[in-house]
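The following blocks contain the structures, represented as structure tokens.
Shared between the two complexes below is chain A, which pairs with chain B and chain C, respectively.
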Partner chain A sequence: MSFTFRTSFLALAAGASLLGTSALAQATREYTPVTDEMILNPPAEDWLMWRGTVDNHGYSQLDILNKDNVGDLELAWAWPMADLGLQETAALVHDGILFLQTNNSIVQALDAVTGDLIWEYRHPLPEISSTWGYQIYQSRRQKNSIALYDDKVYLTTVDAKIVALNAVDGKVAWERQVNDYSKGYSYTVGPLVVNGKIIAATSGCSITGTAGACYITGHDAENGEELWRFNTIDDPNNPLVDASWGDVPPENRWGGTPWATGSYDPRTNLTFWGIGMPAPYAELVRGSGDGDALYTNSTLALDADTGELKWYYQHLPRDNWDLDSPFERVLIDQEIDGEMHHMLVTVAGKNGIAFALDRDTGEYLWSMDTIYQNSVTHIDDDGTVHINEELVPTAIGQQVMICPSVSGGKLWQAASYSPKTEQFYVPLTEACNNVTAIQAEFTAGNATGSMTFGPRVLPEGITEAGLLQSIGISPDTPEDAWKHRQRTSMTSTVLATAGGLVFAGDAGRYIKAFDDESGEVLWEQRLNAPVGGAPTTYAIDGVQYLVVPTGYSAAAASSASMFPEVPLPSGAGNSIFVYKIGSATN
Partner chain B sequence: MQNSESRKHRLKLGMALGILGFAGSLAPASAYTEEQAVTGRSQYTAQCAMCHGAQLEGGDAPGLTEDTMHNFNTVEGLFDMISVTMPPQMPGELGDQVYIDIIAYLLDFNGAVPDGDMLTPDPVVMANINLMDEITAGRLAGGGDAPEPEVAPSGLPQAFTWGQQLPGSEPVQTEPALPQAFTFGQDLPTVE
Partner chain C sequence: MVMGAALAAPASAQVPPGLLDHSRPIQGDAIRVCIDEASVIRDFDIAVAEAIAASLFLEPNFQRAPGGFPINAEGYLEQLEIAMANSCDLLMGVSLLPTSPFPEWATVTRAYASVPFVLGVIDPAYARLGDIPFDKVLGTAIGSTGEWAMITYQLTQPENRRWRRLPYADHELMLRRLSDGSIEGMILWHPSLVQLHDINPDAEAVRLIAFDPMAEPIVRIAGLVSSRDTFLRNQIDLAIDVLVQDGTIADLMDEFQFRGTAGG
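Right after this comes the complex of A and B.
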């Protein structure tokens, strides 16, 4: 499908006078609709979705900015985000407009060259009880992205709606209530839009009222009509799911939240999603015995048109420690001796283990440890994962030291794959924490974890919390390419580029550019707050821009005691800094 | 670790109060002083409120209401965490007394009632004070600045173990209104 029409719009007359001359100059801005073809093969100059492409590579083909000139980057403009809270966002760019989503479901459109505000959408949120602590916290957990398609911006909201905004003016085209927010459902990740369908993943599924169900849903992008719904913790089509929960009926199951945006393979029309941990966390309280608690901590391969499950693979069965495994599933193709290998590669969970699967069948190919972890003892050749049964709590009040901590290891900060180097760059944190199973009555709006966590501490013998690890990818065996270790933890998503650069940021407020082959630090800037969210890049008129989000970082705050000589700011500072390089060519 | 004797005592007392209808006048009190809570409020406002909110409602960081109290279980659990990790700009630097005073304020704000004894950073004492027990008991006496928790709709899901006696757990006295763990109320193994 190809759109040829263009939409024109006028800046609001009142707004234009407030915004000054640059807004007046944009009074006749045009917006080219995002087509299906663009989604599958985005222009290098744009950043259309969370990880740039539907294979979740987080890689830019732009090379205006490269190893030779990265030292010449200069600040083009900066912008404060519209609300406080955890900072996990990725700015999207199309047709010269930068779309920025911030906490509490606010979206802003900015001129990507000048930084002028074009429009702002503030989603009206329902009032909820102030005692619903975890649910309120979810609203301040900024989503990783919005999505662009056709002439719309798709927003998944704190109150469990999908909202379609007109890209040119931010006006609501339609909205659809997908789940009941009063039970605890919300969204903390943005949707994937492919083939005219919005695929959205529900959050909040560890909150009391959500018992029995957590969903991935498919919708018509034209009007939000629901086309299919897949429950990640109750599947009548697979008797192994009930068996894996022991005697626990669906109404006493929680978790299974798919809280990272999925990837998509147009060749098979499969969409791949990672699923989070079960709750209550400890099987002692969960009541599931030694069952695996499907489909928690798994990869799901779903038909994008129907939601039908094609295969699943569980990366961490029988989770007892809140070691979520929902993170980005990255699709990598490599041709070796004339044979094309279609892999799914992921550091799926907090315990940092890298996996490669055949993404057509779910067959296990290989795995490797990254950070120090003691949750998994070994993985069989057929991919069966064996947990460390010595660390399974067997009594209320029993304390065990588990590595990594509840904060990872790996967390929401996404890795990046460069097809140029065939290396996978993973942001990680070395940490352990004590966990203790507790038993308490669940309350409305709050989480059902039933576990206390001690402070994050460095594993014995390790003095550096931060690790950026590069893994050479092949279908047969992974290669330990290079490691960059540092005292402060890695707090941002990673961006790799055709310019030979890997960008990643840390709790010490540094954004760094690494040489993609050696790991050498080629450039760094110290900013106002921990670097969070996803650095992204775009180009306009021969100038390449680099967007660096900063702000309040739970990953930084929870690990700061491991590097007390690098104090965090007490202000939040949620912002984006936009750097540029190159000459405008018009 | 939870002090099972203390909790048993409180459960029995709570039942007795319920039967006698004397909850308002005989509610159990918590092991901290009013002065501690006042000092703790001042320290909280200076050191914590910028992230956790002036009314403990959260901001950047989580709200310090029931969810947090559940998560940390006992005063010891909360102290062990915050005395090492907080505030992020000076982790572990405030001194034990400041941390314990801040905990006194958190208890007080959420509904606990002071009993005139100083709360001290003694590990045994702290391990014997369950945060939610103190808050629940105090609320019976009308304590605290926090808004009344919303009455939960009946029939909310609970863990599969809810109502069961799990190892290390105490017998459950009432039918829960919300869904609970499958093991709820079971006698689960507990560390002695």
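Right after this comes the complex of A and C.
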């Protein structure tokens, strides 16, 4: 089944501004609904979700663009994003349409070949009240906030709604208020859609009004009806949770935000999510003593139909430094000597430690340091993580030097796994900062501030902030395959392709193509702003396209003190640059 | 009078420069005063700002200050930087604390009031903090100066002479837990208790007792201006001086039933 529509007018979704029609495409299009089968096995030509596939590989099977011809890439078109903000987006592509989510819950549909605007949706937010400061801030940093399924584009919004847009015209099909935004809940990342269910992760869980609850929720994709919800900081089914908070009641707990879109294994119907730090950051303040504060900084394996917890693994217990561990969980299968190994591999947190788990059981397989870090001293063979207790603040105002910095190490920029090389490509930053546990109370009587962070500095003996590290993956032990070090920090998500290329961008405004086996830089292009968001790729009529998002980058700005000779632009410049290679086949 | 400045303060890492207004505002004899609408001293701050403005022959133009941030303050200084660049000449209600991380683009005025934290109990057996058995639980207003003082005091004591402490963001919830016996005492800012009296009759049962042997925590309240506005800050400091000396601030504190003293 497909839907036919004419892009002869700009669909005016609620709140959209009226634009002239002269710039609009005049063509008849067909839009093929995205099926469950497509979600599990996406056409190589499309890019249907944040990391391309439900296993979060960030890998494209396209090889029209490859090591031999990457130097011939040419710009097809470019497009300025619709609003200012931190640029952390991922463009999705299906049926020749590029769907671009930008800050402030704006979605645009563009012709993927020409770059012509087809429709635009601007989410109408409630009147901004004085108690909405955090949501305003959050709205400028929304990332990968859309997913495609059936004939819909699903958008998670800063006012804690899931909105279903018709993919053909951008009109609202339905919207669902999932959490109470007036308490502080919002969305920062987009949903995972599998088996007709939308699975979404809540943000804003360190706001005072959200005490005791941070959620991952499951919804019917037809209408948004809520099917289940899982609380990441309170689990009556697991008495270890209360004990891990030092018996601090749930109503006195905060944190546990899942900051990155989860992955899914259709074989077991499990969905895997990373969870962020506890709040307040310092145990001195949160009152949890030396408890681990479950399920913060953990991987959760949930039944996709019910939300039931199957297992968890905590990557950083007893976090005292905002070194949260919510980043992408990547599912990797390898057959060795006739035995299939089903792994979950992740550089879970800011401290850059790579982990491999058996994703059916949560059993720890191995771990490996990447950047210099001092928060974890060692990890036992059974996976028990031992933190550096010397760095736990023992007094208010005490300053400790933590590596990496609060900006990572690793951050939201996702790694990529290539089944072709069996290597895992991780964007990292070498950095340290002073961390001080304080009671700020910046405005009298208000609870805002329990930690300060000093400027980012390079670890002693290291002169290059940026690191793209390739890790050879196996069930038994990781291999340090290759490293690319450079002065400027890595600021984009990574894309690996069957063409033998690894794309990653940096604070110095370069998008680079690396040889996936050697790390040699095969191509680079300097753009208008730091490279951010997620480079993605698609193909239409024999032409392969590469989408490179650029713009204002908190990752670049916060690490710029480590490479002062590379000035950042003062303009935001949020844009996508679309390169192409190959010849049209029809 | 023309308020404003010629130069913009440098942006912090998280603020796209395009969001900062670099123009020189022309606003006649008005001063843009930003107020945290959610603050428990909102009305007091408005009254003090009106008095400051009147003494400088300015008309206060009240604006909403950014509010509603996480307890880890994520995003707060970024939004405040935008507000101070674009819409605020003066932000009221800032705590003057040794640990406050005042950014380089802002500076504080002198304090216009000093208001203490209080320790509230229900059990009539208690006359001072030291009377509360160590196996009882105390509640503290999370992220507050009172909590800081409590944590710091406890760290000076042997472990068997420390109370268990739970942080509360919702003062009504803390009052409910005091009433149901989950906690034995609550440490909160006095204006918060005044507000509780206005909205919850259970507050009538709360008695205030001495912090002894711990020192009484006190918050000194000041204004915040852009670091570029040194002339404005000097004028406001002079105005606060006069309002403290002539009893205006003390009268306002009495009107709002706040404990403490005028000035710093």
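The criterion applied here is as follows: the second predicted complex is superposed on the first by the 543 of 586 C-alpha atoms of A that agree within 3 Å, B and C clash if a C-alpha of one lies under 4 Å from a C-alpha of the other, contacts with A are read in each partner's own complex, and residues count from 1 in each chain.
Everything below uses one rule, namely that a contact is a pair of C-beta atoms (placed from the backbone, for glycine too) under 8 Å apart; a residue touches a chain by one contact, two chains touch by 3 or more.
Predicted model, so just to flag it, every value in this text is computed and none were measured.
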item	value
Partner chain in contact with A:Q138 - chain B first, chain C second, else both or neither	second
First, second, both or neither for A:G352, with chain B first and chain C second	neither
Touching partner for A:I396 - first (chain B), second (chain C), both, neither	both
Partner chain in contact with A:A572 - chain B first, chain C second, else both or neither	both
Chain B versus chain C as contact partner of A:A211, first or second or both or neither	both
Which of chain B and chain C A:N252 touches, first, second, both or neither	both
Contacts of A:S558 with chain B and chain C, given as first, second, both or neither	both
First (chain B), second (chain C), both or neither touched by A:P280	both
Contacts of A:A444 with chain B and chain C, given as first, second, both or neither	both
Overlapping contact positions on chain A, where the chain C interface meets the chain B interface	84-86, 129-134, 136-137, 140, 208-209, 211, 248-249, 251-252, 254, 280, 284-287, 394-397, 436, 438-452, 552, 554, 557-558, 560, 570-572
Contact footprint of chain C on chain A as seen in their complex	84-86, 129-138, 140, 184, 204, 206-209, 211, 248-249, 251-252, 254, 279-281, 284-287, 322, 394-397, 436, 438-452, 552, 554, 557-558, 560, 570-572
Complex contacts: residues of chain B adjacent to chain A	1-2, 50-51, 55, 57-63, 65-68, 70-73, 77, 80-81, 84-85, 87-93, 132, 146-147, 149-150, 152-153, 156-162, 164, 166-169, 172, 176, 178-184, 188-191
List of chain C residues in touch with chain A within their complex	13-14, 16-19, 36-41, 64-80, 91, 93-95, 97, 99-101, 115, 141-145, 147-148, 151-152, 155, 164-170, 173, 189, 191-192, 219, 221
Residues of chain A that touch chain B when the two form their complex	84-86, 129-134, 136-137, 140, 208-212, 247-249, 251-254, 280, 284-288, 394-399, 436, 438-456, 552, 554, 556-558, 560-561, 564, 567-572
